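Shared chain: chain A. Partners: chain B in the first complex, chain C in the second.
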Partner chain A sequence: MLYLEPRRETTVWTSVRSIMLALVITTVISVLVMLAMSDRPADAIWQLLTFPWQGRRMEVQLGLVAQQAAYLATIAIGLSVGFRANVWNIGAEGQFALGSVGAYAGYLLLGSPESLWALPLILIAGMIGGCLWAMIPAVLRIKFNTNELLTSLMLVYVASHILTYLCIGPWKGDPKAGQAETYPLAKSVRPTDLISGTELHYGLIILLVAFLILAGFLLFTLLGYRLRVAQHTPRAERFAGFSPNNTIWLSFIVSGAMAGLAGAVYMTAETGKLIQAENYLENFGFAAIVIAFLGRLHPVGILLAALMISYINVGASYIQASLGVDDSIADLIEVVALFAFLGTAMLDQYRVRRSVARPRPVIQP
Partner chain B sequence: MTPETVSFLINLLAAAVLLATPLLLAALGELVVEKSGVLNLGVEGMMLIGALFGYIAAYNLQTITCLEELIPGFCQKEERVFTTGDYLMALCSAAIAGALLAAVFGFLTQGLRANHVAVGLGLSILGAGLSNSLGSNFFGVNYTSVQVADHPEMFGQDLLVWFSLIMVPVIWYLLQRTRTGLVIRAVGENHDSAFALGYNVPRIRFYCILFGGAMAGLAGAFIVLVHVDWKEGVTVGKGWLALALILFGTWRPMRVLIGAYIFGLLWASELRLDNLFPNWQLEWKTILTTSPYIFTILVLVLISRNPRLIHQNAPGSLGKIFNPPS
Partner chain C sequence: MSEPTPLIETRRVSKRFGDVIANQAIDLAVYPSQIHALLGENGAGKSTLMKIICGLQQPDEGELLWQGAAVEIRNPKIARAMGIGMVHQHFALFEGLSVAENIAFSIDGAIQGRALEKQILNLAERFGLAVEPSKLVFELSAGERQRIEILRALLLTPKLLILDEPTSVLTPQEAEQLFNTMRKLAAEGHGIVFISHKLKEVQSVCDAATILRAGQVVGSCDPRESSPESMAELMLGSRNITAQREQRTVGETRFEVAGLTLSQADHTLQVESLALAAGEVFGVAGVAGNGQELLFAALSGEVTCADHQCIKIDGIAAGNNGPNLRRQLNAMFVPEERLGHAAVPFMNLIDNTLLTNIANVSINRKGLVNRKRLQELAAEITTAFDVKHGGLNRAAKNLSGGNLQKFVVGREIIKRPGILIINQPTWGVDALSAAKIRQALLKLANSGSAILVISQDLDELLEISDRLAVLHHGRLGRARDINDWTIEALGLAMTGSEQAA
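This part shows the complex of A and B:
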């Protein structure tokens, strides 16, 4: 039988090894899935891996990857703050939606401006929107000890209905549109493209800056350090004079603001208007949970995980177009990777040993 | 009371039963899982997979498709009578599908000691993604819905309704009055002590997880076979409501039953409000749809205001990773 033996010492090397193992497992299972889903698996795998160099211009494809990775990484690093401290905010999707709503509300409050100088204010309004929405589970947790995991998730359903309500009710736009939507923002307010013809725009730079600021804060400040060790030593955290309630506040404020910012950038740059929830929300908030865990809640890991998953997502839609392989294969690979990473994480602290007779306690009569 | 009011109330109750039964089934399964100290947040995913496989099984049993391979040129879609046996087969496949997905969770959390919350969330995402892609592959965009018109009924209700009601005392008796239940509760209350007494903690938990998965699969199958037809995300968050129900019921089967029916009644009356006020605008109906979720939050707030209530009833090792001393 196999059993797990605690390692005497854990080094960076053990972590690297378990990550490599997780990648190998992910690859093997993904190849098996591809064999099952495609008639020409070799072509499909080759095109999935090298799609930027196939067909269309390379910068367009890589632009799509960068665009998706920016949203995912921004939301995920916000969530990782709470996850490290066992604060489970899984309602980033709702905070993303309310961030968009907040940004649109800011735009309307400013009197539908046409100058690019209004953009920072609109984005800040979005951050406030996401933050306020994230405050609801935080307040309920602190005042009433309510399970924040369930409340934050329930609020996703509420948020998506609020978005739809605004689109068919008070902020109803062009009635001739095929879907419920608001009137679009003035073209001059929206972030301009970095490289014409690609999906890259200044909004992504803003997201990257926000990501780097939070990453620097987590990696290089004392407070960030405390937050990062909170997972392993809740008691030490308390002795250091940092109350659990403050951790909860901080986790929800940070994750809500990051998700809200992502929502605001998405609204201003990608759609330029609010659309009914089914056509607007793209599950960035839920995918970011996976990204956060794939990156082992570490800023560098999150960035790499976001890039990897976005690359696979864009590649999957490419092979759907070229080879007719269903692009849900990206979701499957994503979850397989998540399970592989979670399942091998214990190899950091344990080694697998084979035992002749498993040690087993015996009740003495 | 006028006859209209009476029939309205009867309709309301019937709808409440339809909405409450999946909640009750999933919550009872998860109750046993949590009693053994495992927090499985993948209920929603297991329900969706159960729903899909139950539906596919019913679909295949109902229609015998092309016989072209046997007799060339002979192709006919034959409608078969859907018997009780077929219905039970569909339920079985749903339960097995749910249990298989739960086995993934069990392997990762019990075998590989991964974080319960992270794997559970992943399981929900996996269940949703897998059921969407398999469902759209299998049924395509246009398909004729399964007519499970004559699903077996007893005393005017579906078999599963009675099954879910019977499971309430059965699970109570199992947990509180039998040796098995004592072991499950011991493992959930303090896994180190249970291990020291010689119980194989991961194995006991694994069996409980399988049971929870099977019950969630049945809950999903009930939704698609009795209530509504299969569509993407057909469970509309019922798996998460089931998790909330366990907190509401403070880990007691009887209170979970009461909670499930209160939820069912509220949800049913929310759906009926549409008919009562046909003049209401669409935008207000959109807001009204959120009422089950807002109600859940309110209930959770009311229940958890008293921390003693939760602390006294919650299993001591709930959601904690078991590292056996070696």
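This part shows the complex of A and C:
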């Protein structure tokens, strides 16, 4: 029989080893799935891994990866703040939507879209929108002890209806468009491209900066320490003088603001307008939950996980086009990776031992 | 009439854990229709003895007789089948389920639905245990929850029922109801073992008592005919209360509590007045579970009080202040639980040093942590207090109890606090470490600090305290000079039998 024995010491290497193991498991299972899904599995795997160097310009492909990773990483690092402290905000999708709505509201309120300050103000309005939406489950949790898993999730659906309502109602734009949408933003407030012909734009730089600022806070200030204490030992949290309620507020404010910022950048840079929910939301808010856990709630891990998953997503759509392999392979790999990473995380704390019949302890009289 | 056969009898039962003798040659006999009190301090061996009877522990020596026949109770299932029921001090109930569902669980669903509800109500009526089978447990008071536990045990029709400190969570009225139930059970021929620290209760409800001290039976009596004084003395033994140390010069008041009342969940706390003077060690004695946790929380600021003036640190009001504002007034705190309260188990010693140094400006500079200074401080603590740790990067949970305790105590003493509040300073710590910790506390007092020690170890309090008060049922009694206490008076105060002074 096998049994688990707690490790006396945990080092960086124990983590690295279990991450390597997770990668191996993910690779093996993904290859097996690929063998079943494609009649040319070797080509499919090769192209999935090297798609940026196939066919189209490399910077276009890598631009797509960076674009997706930026949204995922920004939302995921915000969520990780709460997840570390056992605050389960899983409604980032709704906070993303309300971030976009907040940004559009900010744009409408703005008199002069030509101002240099227009974009920053619009993005701040987006952060406020995401924050306020996250405040609802926070208040419910603190005042009524409601389970935030349920409330934050339900509010995603409310948020997407609000988004659609605004597009068909008060902010209704061009009636001749094929979908419900608002009038587009003025060109002046939209982030310009970094490299023309790619999806890279200044909005992604803003997301990266926000990510780095929050990562800095988590890694180098008391914030990260506070969350680590709160995660496992609420009594020690109080003893250290941290109010558990303030930790909950903080978690929702930070995760709401990050999702809101992502929503605002998305609206200004990608679509340039609000669109009815089903054509607008791309599940970044939900995918970010997976990214947060794949990255073990650590800023560096989250960044790597976001890049890895985005790479696979973009690669999967490439092989769908080139080889006709269904791009749902990307979802499969993502889920396998999640299971493998969560499963091997246990090896950070425990080692697997084979049990041997041990002599029974003799009680000395 | 011949002498009746005892329901359960233990003959020279012994049990040891390593070097600790939990039970030594214990003889105990409980008869049908008897309410038998088992008295003793914390750690006297009551729980071990009951665990042996319930099949949770096996005796090293001695034998058990059930209705006159020698038996081996290998596990709790056998004990239940024989007719031994136990109601534990801590309830094991599912909050989200109804009373009936909780009961159905414990009898493996042998009876269900309407039939079960009917049986519950029958039993409840017979023994005066008012319950509503359809109510959800989370709505119930402690007294009602306990009735479920008792019903659970009764449904298995036990002949012997063991109640482990059943009144510790009850209001006096609820306790009175419980006693009525106990009398009815005894009248129907059940034998009952009643574990308690409260001599008054024992006198009012029990007809036999066995007193344990340090794992041995030190006496038995009929509590209705014995005085509380004599029972208390048997429980505590004859100890020296003479102070064996130099008289300290006591200075001005450094820490004051006045009119503090708090209630949290099922617990209440009441401290009319408490004043700690510079250079003094103030002991708070009391049996476990009498509000020590809440007292510590109130003094440390983990729970704040509504009245800002009710706590004063060096004359400055601090009632609404949390722990860190109190630390800024140079008051420091050491909680009872080393792992999970005083220290975060999986964090290393450096990070654990930060836990109580968040208000320390040389370490926390506007949210940025000075890691270098923090590491130096951790090293200073471990050197000064001789903490063996095998590397500051080791997680706290890897340290032995004694070493971790020296660390969490040292972490506060190294700050030279004006006031130190410490709960159970040497609980579960080896003798050498315990002696070092006590020495460090006395040294701190000699340097002019005021120290409050909450402890369940009476010997420890008698050794280091200058003054002492007893905490009973959340109420802190009158403080007296250590030389004015008698062992008898202490025993009475700790068991709630103290006459209004």
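Note that the second predicted complex is superposed on the first by the 347 of 365 C-alpha atoms of A that agree within 3 Å, B and C clash if a C-alpha of one lies under 4 Å from a C-alpha of the other, contacts with A are read in each partner's own complex, and residues count from 1 in each chain.
Rule of thumb we're sticking to: a contact is a pair of C-beta atoms (placed from the backbone, for glycine too) under 8 Å apart; a residue touches a chain by one contact, two chains touch by 3 or more.
Remember, predicted model here, so these are calculated numbers, not experimental data.
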Which holds for A:Phe339: it touches chain B only (first), chain C only (second), both, or neither?
first
Output check: A:Asp331 vs chain B and chain C. Expected answer is one of first, second, both, neither. What do you get?
first
Looking at A:Gln179 after the superposition, I want to know if it touches chain B, chain C, both of them or none. Which is it: first, second, both, neither?
neither
Most chain A residues touched (candidates chain B, chain C)
B
Pick one for A:Gly169: touches chain B only (first), chain C only (second), both, or neither.
first
Can A:Leu140 be said to touch chain B (first), chain C (second), both, or neither?
first
Let me test your reading of the model: by the given contact rule, A:Thr192 touches which partner, first (chain B), second (chain C), both or neither?
neither
First (chain B), second (chain C), both or neither: which does A:Phe293 touch?
first
Footprint intersection on chain A (chain B / chain C) at 363
Chain A-facing residues of chain B, complex
41, 104, 107-108, 112-115, 117-119, 121-122, 125-126, 129-130, 132-133, 136-137, 195-198, 237, 240, 243-244, 247, 281-283, 286-287, 289-290, 293-294, 296-297, 300-301, 304-305, 307, 310, 326
Residue ranges of chain A in contact with chain C within the complex:
8-10, 220-223, 225, 228-229, 232-233, 235-236, 238-243, 363, 365
In their shared complex, at which residues does chain C touch chain A?
60, 300-302, 322-325, 327, 333, 335, 337, 340-347, 351, 354-356, 358-359, 364, 367-369, 394-395, 398
Residue ranges of chain A touching chain B (in the complex, touch as defined):
3-6, 88, 90, 140, 144-147, 149-151, 153-155, 157-158, 161-162, 164-165, 168-170, 286, 289-290, 293, 326, 328-329, 331-332, 334-335, 338-339, 342-346, 350, 359-363
